[in-house]
Amino acid sequence: MNGFISHLTSTLSEGTGFWVLTFIKILLLLFIVLTVNAYLTWFERKVVAHMQSRIGPHRVGPHGLLQPAADGLKFLFKEDVMPAGVDKFVYLLAPFLALTLSLASLAVIPFGPQPLPFPFFGHQINLWITNPDIGLLILFAITALGVYGVALAGWASNSKYPLLGGLRSSAQMVSYELALTMSVVGVVLMANSFSLTDIINQQDSSKYGFLGWNIIGIHSFTQVVGFLCFFISAIAETNRVPFDLPEAESELVAGFHTEYSSFKFAMFFIAEYTSMITVSALCTILFFGGWHSPFPAAPFWHFTHYLPSVTLLPFGLWVIYDGIKYETIWGRLVLPLIGAVITAIGAALLIFPAANEFIQAPFWLLGKVFFFLFFYVWARGTLPRFRYDQLMNIGWKLLLPVSIVNVIITAGVVLLRTKP
Amino acid sequence: MVPTQYYLVLSAILFGLGVAAFVFRRNVITIFMSIELMLNAVNLSFVAFSQSMPATNAHKLDGQLFVLFVIVVAAAEAAVGLGIIILTARNRQSLNVERVDLLKL
Amino acid sequence: MPNQPILEHLWIIPLLPLLGGAINGLFGTKWPNKIVNTVALSATGLSFLAAVEAVREFITYVAPTGQIFRKEFFDWIFTGASAGNFRIGFDLQMDQLTVVMVLVVTGVGFLIHIYATGYMAHEGGYYRFFSYLNLFMFFMLILVLAANYVLLFVGWEGVGLASYLLIGFYFLKKSASDAGKKAFIVNRIGDFGFMLGMFLLFRTFHTLDFSQLFHQVATQDWPHEGWGVFGTFTVAGLLLFTGACGKSAQLPLYVWLPDAMEGPTPVSALIHAATMVTAGVYVVARSHILFQHSETALVVVAIVGCATAFFAATIGLVQTDIKKVLAYSTVSQLGYMFLACGVGAFSAGIFHLMTHAFFKALLFLAAGSVIHAMGGEQDMLRMGGLRKSIKYTFATMFIATLAIAGIPPLAGFFSKDSILLSAYSIPGGHPLYFVGLLTALLTALYMFRLVFLTFWGKPRYDEHHVHVHESPWSMLGPLVVLAVLSVVGGWLAAPALWGGKDYFTEFLAPVFGSGEAAGAAAAIDEAAAHSLEIALAIVAVLTAALGIAVAYWLYLRQPKKPAELAKSLQPVYRTLYNKYWVDELYAATVVRPLVWISDHVLWKIVDVEAIDGTVNGIAHGATAIGDRVRHTQSGNTRSYAAWVVVGALVVIVIVFWPTLRPMIGMVTK
Amino acid sequence: MSAPLIIFFVLAALAVIGAVSLILQKHPIHSALSLIVVMVALAGLYLLMGAEFVAAVQIIVYGGAIMVLFVLVIMLLNAGEEERTDFSKLAKFGGLPLALALTGLLAAAMVRHGSSIPNLETPGALAPTGQLSTLLFTTFVYPFELTSFLILVAIMGALVLAQREKS
């Protein structure tokens, strides 16, 4: 294993082409993620609305598809109020910190095994920004620092509710970080590496399909307990329902970002959704085989490779159909267009097998990520909020011990397995 | 490659700064932080020494292990120390160490 | 060896009394006398039985082999090879000499314990007394059983301690406690000599173990140190003898013994008559080989012994305190023993030691019984006519008196006779002989004076107040036993008179063999020797008879006479009565200067000025420094921090000095 | 000037600046933030030295736990800017020269001595986390257990201290 340092030096010794490429990659990723964030809000509102048998946003654009854009504009153009008596520096620092860290954590997440087929000025284009041997550790390090955004925001805005929210959330995050870290140790033990790609490769599904994933763990040992602990504490870590005490509207107005308005508020918002994505990706990578498809690689299962197009084509067609009989003229124009694009992509995948093969890994990865995102929303739509003491009890008295036990058992099993 | 010497000098400087903070600051929490700073400086030299050893040396990693121990101890220290600080602040209504110069109230 | 259970565990014999003493001393406070004396008696009694058994085993199994029994129980002092393997072990040994001593000590000791239960019945500190007494037994047994000088010295000091404690038993009485101190201090002088002797021996022979040391002396041929030659043996012998003088109350260190009579009578009997005071004799006899190598030492011993004997006897003539008389007689008898040793007749000395233990113990106990009967009266001039009222006491005491006076066939006769014989038979021993003879005369005189004053004549005490009563059997029993012993005690040596052989000497021969040779070398052929022996015996008896007659004439016929004599020989009488002013002399020459120095120099200057001055000075200095330094303890964390930094700086400078010096040079340049 | 050297100087500068601002900041929160900067910079240096695990632990524990505690306490006690008292003459007048002297001496000693310390030219031979843990659980197992015990004690101590005395 050639560690981070050699990795670093090698990357530094790369030519400017590499730098340009990485820069573009970063910009691209940021763009994608921010867009996804935006539409995640839309998605959330829609789903929750439907769960509550409402329609949700549908005024702005067809099916309210432009709602996020509208919100964005609103954030941009609203007056940026800075409350009196705040600690300016910290007050400004907090949102930046939050956003930067949550975005930075994306840098180490790999989206696919093999690079794009065409090089960029002699540099192969991997589906990740960087892939260090200690990706997981770096992720946790970043998560650990994530506390400050919230805490400082709460403190800096010099007001009761934010302070309480800040205290609460920092306490909560610190507490759940332990469980979070412990619950992953099992996976690390089995993969015997901190590198995310190693972890994914270890849960290879080419033979037994999804049985190879850590959640089932036919290769070594099931991590279902670890997964539960991880996911619960991940939700708490991201301050989402049912652990959204930092921003308990009913108690603290809006928690730590009460005093934040317009774009600074948006930053917190984006940070939260980004970390949701990160966590979902992490779940996928650690427990659900990352980009491995749930089906074995045996020729018999080859037809599953057409699943992307098989999902895309009907969806696109449905969108067109739905668009045609949309009430507004604007919708009747736009929706079929989108549908057409989707259908085209699906068709293209059928036509170009190489592209199809290439798309498999990202497809599965993103599919799982999407599922987890949906789960987030689902939870929000259904579960009530915990009380603070309950929260702490779950964190310290349930998750932490359980995950520790899980670590011990896993270690034992791994030991037995490795014994010749 | 960076000469080990640089790291050592850096750690010396950081340590000195920590000492300075300890002497100059009056807020007990800050003083506590300056202690942490000194610990960090020492850790730096630990790691520097450890990496300066050839890989063949059996004790190469000891330095890093010491760092781990130091960190753990620092954590424990912080837990207890901050508890004490909270208590003192509660009883004396002051965080200024110069105002807390009596053994009993 | 399975058939020597006790001998293999010789330590039992001394340990039992120690246990008794410890138990009584620790728990006896609340106990009734019954339990206390049960403990004490069982301890000593068992120890006596053990001793008897041990002796039996020794005589049956070991003695025939011509060996001595010796066993190392544990290392007491052992410096590893680094310090030349110097070893002082807790080693006990048993040879013929030890046999005699052990039997005497335990036997007489046991009897006296029994006696004491009666005598002390009404005294306070009963448990204390017995605990001390047992302690004494322990140390005495250690002394006689020890197999090296150091262990012997332990016992030696131990008995000193016990005697100190017991003399000062009535510590509320100033005279008693003073007497205790006096005994202790005077003994220190002797012990100092003893230690020096030990050091010299160790320096010469690199061992203090009897068997090794004596073996060296015997095997390697050392130059025989003639008269006036002060070689190793002479000096060592004399130093050891100094110790012996202290312990056995010889000139010039005898002064403590008469005062020691302040202690309870059983103590006087056991410690200051029968056992402890004979330790000196024992030591001289034990190291006889050293003495035999040095004429000077022997001569000194003989002369000192002889002189003491006569000197003490003369003082004994005029004392009126019954115990004082006995005390002086003890001193003089001890003188006899040393005389014997001095003339090389060690076995005779030991023989006299044994017999003397019997009759002198008896005398003391009887005297105690008399005092008991008189209700604490000790002055003979206030007694008289007790013959009828306390028969048993009288009878036993009379026997003892005959014994000490040297009337055949009682014990004293034989022992004293053998001593005189050997004194006579060595070249140039005649003066010694005659002095000894004179002493014998005086002995008979003052002893019978004592008896006559006490038991005959009219009662000189107030019969209305003093109710004379015979002592309980617990006291009389021992008297009787001892009386029997004082009669038969000497018969071991009796056959010598009619041509037989002296069993006692023969028994001790393995120990003193060479010594006797020296003594007998001077003797002429058997027949002449025998006739001489008879002649001397007759002379001795006559002398004794003469003494008795004089006593009879003076104290029964003309009771006025003594007073007139005293008046006519005023100076002599006063001299004797005041014990030659020896105490006063010592007081003037030693005690008072010492007191003056301690008072004016040691106390007023050394102690007050130097020592107290230093201590107080240190204290004041500390206070002063504290006053200055206190201000750094401001409680201000920042200043503390600054101080810490200062310290750190110093440390760094010290540690990195070699690196920093050139830089400083650069800076200054 | 090779890449690692650049990184080193950047991080070192960051650390020193952080430390200096720790001293100069008026408000404890700012000091805490500066300290966090120092720690992150040091973590970077550890990475540079190839001590990945240490770096991660540095950030997770120091940055994520200890400093959070500090920040929390500062918030809890609502600590304001510190008052400028100078009761200690020594600290007031002697403080700066002393600190400077200490720093200077240490640095000088390092400069002199450091040259004697070997430098590994090869970037390899960094600390595989596996080896580290192996060492931790074999050679250093007793210290390890001891520290765990220490932490237990510390937890209990913190509990005892933190709970308000009930009246």
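Think of it as A, B, C and D in the order they're written, each chain with its own count starting at 1.
Quick note on the criterion: a residue touches a chain if its C-beta (ideal position, glycine included) is under 8 Å from a C-beta of that chain, and two chains touch if they have at least 3 such contacts.
Nothing here was measured: the structure is a model prediction, and the numbers come from that model.
Enquirer: Identify the chains adjacent to both chain A and chain C in the sense defined at the top.
Expert: Where chain A and chain C share a partner, that partner set is D.
Enquirer: Point out which chain occupies the most central position, where each centre is the mean of Cα atoms.
Expert: Going by the distance between chain centres and the overall C-alpha centre, it is B.
Enquirer: Once you count every C-beta pair in contact for both, which comes out on top, B-D or A-D?
Expert: When the contacts at B-D and A-D are counted, B-D has more.
Enquirer: What is the distance, in whole Å, between the centres of chain B and chain D, each centre taken as the mean of its C-alpha atoms?
Expert: Using C-alpha averages as centres, the distance is 5 Å.
Enquirer: Using Cα averages as centroids, what's the distance between chain A and chain B in whole Å?
Expert: Spacing between the chain centres: roughly 36 Å.
Enquirer: Roughly how far is chain A from chain D, centre to centre by C-alpha average, rounded to an integer in Å?
Expert: 32
Enquirer: So what's the Cα centroid distance for chain B and chain C, whole Å?
Expert: 75
Enquirer: Show the residues in chain C shared as contacts by 2 or more other chains, in ascending order.
Expert: Residues 634, 636, 638, 641-642, 645, 648 of chain C each touch two or more of the other chains.
Enquirer: Touching at least two other chains at once: which residues of chain A meet that condition?
Expert: Residue numbers touching two or more other chains: none in chain A.
Enquirer: In chain D, which residues are in touch with two or more of the other chains?
Expert: Residue numbers touching two or more other chains: 2, 4, 48-50, 53, 65, 74, 76, 87-88, 91, 95, 98-99, 102, 106, 109, 113, 123-124, 126.
Enquirer: What are all the chain pairs that meet the touch criterion?
Expert: Touching chain pairs, listed by label, come out as A-D, B-C, B-D, C-D.
Enquirer: In the complex of these two chains, what residues of chain C are touching chain D?
Expert: Interface residues on the chain C side: 634, 636, 638-639, 641-643, 645-646, 648-649, 652-653, 656, 659-660, 663.
Enquirer: Touching residues of chain D toward chain B in the complex: what are they?
Expert: 2, 4-5, 8, 12, 15-16, 19-20, 22-23, 28, 31-32, 35, 38-39, 42, 45-46, 48-51, 53-54, 57-58, 61-62, 65-66, 69-70, 73-74, 76-77, 79, 82-88, 91, 95-96, 98-100, 102-104, 106-107, 109-111, 113-115, 117-127, 131-132, 135-136, 140, 143, 147, 150-151, 153-155, 157-158, 160-162
Enquirer: What does chain A use to touch chain D in their complex?
Expert: Touch residues, chain A against chain D: 1-6, 8-9, 12-13, 87, 89-90, 93, 133-134, 137-138, 140-141, 143-145, 147-148, 151-152, 154-155, 163, 166-167, 170-171, 174, 177, 181, 192, 194.
Enquirer: With touch defined as at the start, can you tell me which chain C residues reach chain B in the complex?
Expert: 634-638, 641-642, 645, 648
Enquirer: Show which residues of chain D lie in contact with chain A when the two form their complex.
Expert: Listed in rising order, the residues are 2-4, 7, 27, 29-30, 33, 36, 40, 43, 47-50, 52-53, 55-56, 59-60, 63-65, 68, 71-72, 74-76, 123-124, 126, 128-130.
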